[in-house]
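For reference, chains read A, B, C and D in written order, and residue numbers begin at 1 within each chain.
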């Protein structure tokens, strides 16, 4: 993307005198800025969504005052945060206190350099993309420790230490789980991973249910791996039920206790950036990234028909019985199906890969993360470590072995 | 940047700084940091020679193994340091001299 | 198919691991069903293989898969799987019996102290048995051979608190060792000459004349043919041990100390058949002499064990000797060249003998419960003299007993008739046509059909004796009889399945002629070509021609002798026309001999073990009194005297020099000790200074 | 542009390593070490060692550095945000280290590297490293895994309170 941007800039006669090296640097800067803008806007939107989702889960309305349905609420909040006084505690370590939040933010944003949004829309196509994402996101730990230490506050320090312990513990099972997928693909390149998930095949290769060739449906082991990865990743980004580092009932706000204003906003920004990153990674690695779930436009029509039939049955037999009738899922599925049958162009669009699909998948995963947050109670510290070392790690190791055996059995690899 | 000696000079400086840290610091963890600097310097050399001289990946392999060794070494060394701290209440290596004559 | 086979091989091992490591934890939660489930999974996989085999319907079908295991330059050992029709059928036999025994054991062993361990051992047994069946080389067979021996030892000694059980386990293990020494020696001879353990390669290389070229050179000019005979007989010795052939049969009756399902699985249907299976595998490279030896051992075992079975009173002992006798049949069949018949009898025998043992287990189970009810802990639950009239109380068990007894006695419509008949015809044809091997030279070959028919008659006699004593007549102990109940469904269902599998049509389909064994089995299993080229081999074509001629007279004779045995049994035990006691009195020596197993155990103890121990004692005393006392200690005494003189010189001259240098270094050390500060960084500085100096020295 | 970035990284490495060696605040030293590690990762990228660069970040920054931070925080009585540290034998140390630096630099600079040497541009090192790891370096790889296991167990055993 950087190179094509540079070429595009150079294609203007007026600008061609700038020199390729400078233009290259300029496009580098532009792309970086674009990613940053994406992360910032994304965070503003997600904060609003999270507040609304939590409100609906608790049968409230959530923000309603600023703008229609409160849509401008987070914009207002962001403006407020930017104007707040910049407070640095007197006995804090001032250098680290300033660097800490920026480290976290830079690490979170830098990971997006490797995330492919479509087959062409990505900042850098690296052949070690997945590994790059894992490695850069591990820098976050140090930022957290930095911030926690520099605050010179025991709650902050506890929060930071817990956070660091938690993140490095969960990095291991998460990494091993991703290795299981890499073993199947044979490449660390995220584009290759996505491209190898195109088309439609049987569930687990054997069971004759037509499903997209996503890795979650590749084998029982990868199916399990997707769940293991979700759990581990939720812990790695410190979201509920694994938000022990900032558990407000014990540690005030963990490593963020002493921060306010812009710096605090940076933490928030990176938190949502991380959640988005995890959502994108799950979509890419397990759910086929920007691949469409439909193989062809007739396949899309058929699949949508099945889905809306299921939705009708569900509404008629289950929803009516429990008496809570929400027509949105039913309506959306029926409308989509009708559109797909009436306008072939729409069906063709549905069957073609693109930005829409990865965003839809990531959005569902983010919704899932929010759902976790408002349904699961928080774990204790010892339970957290237990889950990581004694449950998830063995499972992920067995998974890795199982995937190898599975591939041998299904003939994908031979000795 | 397309010149081997720029890497070699960097690695030499890094090595010397690491050596100086190891030789002069009193804190055991700081000494460990010096060791990591030295290992990094060595790694830069391996990879640079691999690119400029041997033209194969053996240097990368050795670096991978060095990184792995560094991880193992750090874990064990810190465990020892923790024991030292539990035993004496500090980790100053110049005071840990029970083996002296 | 290889993957299927690998699963069949390793799934039981998984069962073993799970039961051993986790079994205790799941004992209350029906943990045994893990093992049962795994076993039935392997049964299904085996049946899939069976269906694949039937759909191929190719007698020459074979498949091999191997991985290098040990590579010592010129000498390589591969481990691998070899699959042909025999393997598939054997796998099915093992899987069927093993899964049914697993199911049966859930009821029979209920409440046992080491319940989970029992299932674990069953698992490792099945694993190793499958290993023997799938092995592609003598070496791999040997590995699993020993594993099978181990699991047999563990299962016989399952109730090791009983001395007799513990001793029986040891006896089985040691007796098998005697045979295995022979087998190992034979293997080594073959591997030395041919450089391979692989069955296919052995046959190929012998056929290509490698044996004839190498044997003499490697073994001091021995005639190659003689060496091949020796090697064959030595390998067969493994089978003698495992398949309880005379004279190493003594462990099998004692092995009945183990739980009855184990007896059914291991000591009747599968493990003891391993020896026969081994003989089947080495069949292509047996010489005529070796075959004659094998045939004679088998035939003698058949009749010898049958005579013992007549007089035993323990229900399981009767069956044990009957097993030895039937194994003798199989071995005799292979020795006389009736390859198909021998293997056929192995399969049919596995089914009906498994059923017989399980049915006897059902009887014992019922007896146990009854004795338990009346608080009688003295009476032997296995003694037939305490039974009688059980047919009204245990109809299913009785029915199964009748069917399988008919099968073993060689009565038409049942599987045993077909296979036994084929064996007898084979021995008849052999006696009539044999021209090679020492039996022919001594004109003794007619002994074999005599042994065969004699054993057939005796078998019919003692089997019906068993039935009449157990199920007919008055109840000898009414108080026990009152509490006898039929066993639960999980025990009777396996019995019924095995009884159905003992019918003739199972093996003759699609043909349903009850007196001809022609069917899928004989189509799929065919004798292999003999690979022996070094000298006289067994003439298979000639023999098969004779087989055709011998078929009808053999069948007639076998029917007559079976009927005779049956009739005698009816007269003595059912109608009581002849008194058994008077007969015993009249026969005197013969009766006592048979009752005491022809004094074989006593012979071993007094004739071999005691003299051996005495010899050991004598040698030991020689060692202690003469060797130790005069040679070793005397040498020591002399050395002591010499060294005293040398020591004196040492003290003065050598030590003086050493001490002097020591003093010098002590002084040096005292001066240098001050640079040892205990600070590691100081040392490092010294090292660095040294390095810098070295560099400077190198440059200038 | 690339040259500029390269020299920036060069300076960053030397500066942060200098902070590690000469800084007075232990905590600052540790976080300066992070700068060094990241800089070295950048150097690897200039050397076409992309896999190694990422490994460097994962292991050094994500692993070893966190361990070091933990080590510091577990072995100091924390009262302020400052953990000062001192040095011994500075004079002797600086002399000998400078001597060694001079020796190395003289060795490096006296040799003419430009003559016979052509840089080689690797494209995909991951596949190559993977292949080597499971062929020529297999034994080393196995030993390394055993060593890691040993170190893991050893560290866990040593770090227990009741040794």
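One rule holds in what follows: contacts are C-beta pairs under 8 Å (C-beta built on N, C-alpha and C of every residue); 3 or more make two chains touch, one makes a residue touch a chain.
In this text the structure is predicted, and so the values were computed from the model without any measurement.
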| item | value |
| --- | --- |
| Pair exhibiting more inter-chain C-beta contacts, C-D or B-D | B-D |
| Per-chain CA centroid nearest to the all-protein CA mean | C |
| Rounded Å distance, chain A centre to chain B centre (Cα mean) | 36 |
| Chain C and chain D: spacing of chain centres that average the CA atoms, whole Å | 63 |
| Whole-Å gap between the CA centroids of chain B and chain D | 6 |
| Centre-to-centre distance between chain C and chain A (centres being mean Cα positions), rounded to whole Å | 61 |
| Touching two or more other chains - residue numbers and ranges from chain A | none |
| Interface hub residues of chain D, defined as touching at least two other chains | 2, 51, 55, 63, 70, 88-89, 93, 96-97, 100 |
| Multi-partner residues of chain B (each touching 2 or more other chains) | 19, 23-24, 94 |
| Pairwise touch network: line, ring, star, complete, or other | other |
| Residues of chain C that touch chain B when the two form their complex | 673-674, 676-681, 684-685, 688 |
| Contact set on chain D toward chain C in their complex | 88-89, 92-93, 96-97, 99-100, 103 |
| Chain A to chain D touching residues, read off their complex | 21-22, 24-25, 91-93, 95-96, 99, 126-128, 131-132, 134-136, 138-139, 141-142, 145-146, 149-152, 157, 161, 164-165, 168, 171, 188 |
| In the complex, chain D residues that touch chain A | 1-2, 25, 27-28, 31, 34, 38, 50-51, 54-55, 57-58, 61-63, 65-66, 69-70, 73, 78, 80-82, 123-124, 126 |
| Complex interface listing, chain B residues touching chain C | 19, 22-24, 93-94, 96-101 |
